[in-house]
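Take a look at the structure set out below.
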């Protein structure tokens, strides 16, 4: 089956990103397809490359990036939510006149339509949040 | 149609499990993940409610979250099923639709 | 995959204490462009989102209540509010905003978007959806 | 000593106001802010509980949050006091200590 | 301002579903170096933080239970757990970790850090604090 | 009186940063002293300079920066919480081998001891969170 996953919370503060990651890994192992992972609300904070958690802790943004690379996942960060919270790619930072960006590899910034399209194109949409 | 309801918050702290059970139709499955798993234990103020819910819906808990909270499978209300992440995926594909009670 | 899907947006949280109500509404507006079968459900504390007479000046946030009134223009016309949730909170339909739409199948007659339903009817509505979005 | 208790979540959704009232000693003040203000309205399933609480503690709500949720001051349970942010500050300085029920 | 203040850490949330339990513990450890009068309160879902026999392998998070056992070494020896919260959750003292400290005023005798108290006693404990930290 | 304020949540997702901001403004207007504002947990996300909320919305990180400049506020971001979540100043970014930083003006990164010291040095500590 084809899945779209919605993640509403940032890493660490709540378990939603962890739960979603384990769900996606299990779905891939079963041969399912992940059409898209959409990051909304504070979920956009999963897409920063500046996180440096303690050595003995998991690095959630890096785990998402690695999973995306290994399986060609489409990790989409909502642009409106990202602007509110300060998650920027190079283009968007430039457009906003900012001097830095912080997006992690494997993530891309796009609009909310990508979430709706995920719902339309997938067999199942599963939401992880607070 | 049979729906999968996903609850992730402790029913001692929030109303989401209560609201979910009020809306889950007979034949539906309610899956408890994250902090919600504590609601499936025996001997709590909610155990009777869970027992009663089992008369019309199926109840499952995510084993990984149960272990992380130190709750042994033997302490669950009878009839509650334990699944792993693969089982979580199967529950999603095995139901027509799903809803997260955030 | 070109058939129309049934999308349900479930709103269970009060506005302003958290951003979920506002950002949920933003999804609804964007989603309206996709010509799917859209329904909004307001239950539990979500019913506070539709209460009229809000003034957000003193908390320094933008009042997004007017956006709900615009939903009819986006062809979002099925707004279900749970009776039990209203009653538990001492609210009635009269405390809510008067949301309308013009029915193109009925000579553009103005109709109410909000329908108060029981928890049991809400359960039926949820059960028949393809996609349930909760925030 | 008299303590200020601050509650910020809707009592219809979470257990924090209930837990706060269980622990507030006579003479304490309970201030409702953010989503918690909805708990002070008349005619709800919690109004009686609020009325009863007023027999031993003082109750206040932040007016700014009340207005933002469209609840008129006249709709509050009798005896609940409305304060602005300056009044919030005065409540903190006017009590020996304070506790947020997060 | 050089007098010793009474600091209370209030723990009302279950571990792992959110980070509050872990990051609260990090404050307690740092705060222990300041020689203040420290008390920890566990009530409502916070009692789950002290439940023994946790295994976090499958959720991929570090199990920080052992840190609670180290609190005695940091002179954090007053750990109050609410009786009503335990009972509502079907838990007893026997379900919790066995936290100990060595009492320097009593020839380093090993003593229990955890004391189960009623809600009424918990209210008294809260009432006498200078600083209450909740997360 | 002297206050220390603790903020446990990031901007926008929850009202805590707004409530704290209004509380601090009211306290200053009354002639009280704000000894310190300490940002912990997701609260560290208040300290990013990359946030660009919609024009008709408030910009919370900028409001904190402006208030800090106007009143000499000490805005402290917990270093451990900031590392987990990707809030970095130039020094810390360099030390971690990162290619960018994102801290907003008026914020500084320091340890949890600053929170305890705030409690000791202030007459009142008020916590804002979820």
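Per-chain numbering from 1; labels A, B, C, D, E and F assigned in written order.
What we mean here is this: a contact is a pair of C-beta atoms (placed from the backbone, for glycine too) under 8 Å apart; a residue touches a chain by one contact, two chains touch by 3 or more.
What you see is a predicted model; the values in this text were computed from it and never measured.
Both subunit A and subunit F are touched by C, E.
Counted as hops between touching chains, the shortest connection from subunit A to subunit C is 1. Interface comparison, B-E against B-C: more C-beta pairs in contact at B-E.
Mean C-alpha positions place subunit D and subunit F at a centre distance of 26 Å.
Centres computed as Cα averages put subunit B at a distance of 33 Å from subunit D. Averaging Cα coordinates per chain places subunit B and subunit F 38 Å apart. The residues of subunit B that reach two or more other chains are 8, 12-13, 15, 34-35, 64, 84-85, 97-98, 100, 102, listed in rising order. Shown for subunit F are the residues that touch two or more other chains, namely 8, 12-13, 15, 22, 41, 57, 80, 127, 129.
Residue positions 16-20, 44, 59, 61, 130-132, 134-135 of subunit E are each in touch with at least two other chains. Each chain pair that touches appears in this list: A-B, A-C, A-E, A-F, B-C, B-D, B-E, C-D, C-F, D-E, D-F, E-F. Those residues of subunit E whose C-beta lies close enough to touch subunit B in the complex are 13-18, 44-45, 48, 51-59, 61, 63, 88-90, 95. Across the interface of their complex, subunit F is touched by residues 6, 8-9, 33-35, 64, 84-86, 88-90, 92-93, 97-98, 100, 102 of subunit D. Chain contact summary for the complex, subunit F toward subunit A: residues 10-13, 41-42, 45, 48-54, 57, 61, 80, 83-88, 93, 96, 98, 100-102. For subunit F in complex with subunit D, the touching residues are 1, 3, 8, 15-16, 19, 22-23, 25-27, 29-30, 32, 123-124, 126-130.
Residue ranges of subunit D in contact with subunit E, taken from their complex: 1, 3, 15-16, 19, 22-25, 28, 97-102.
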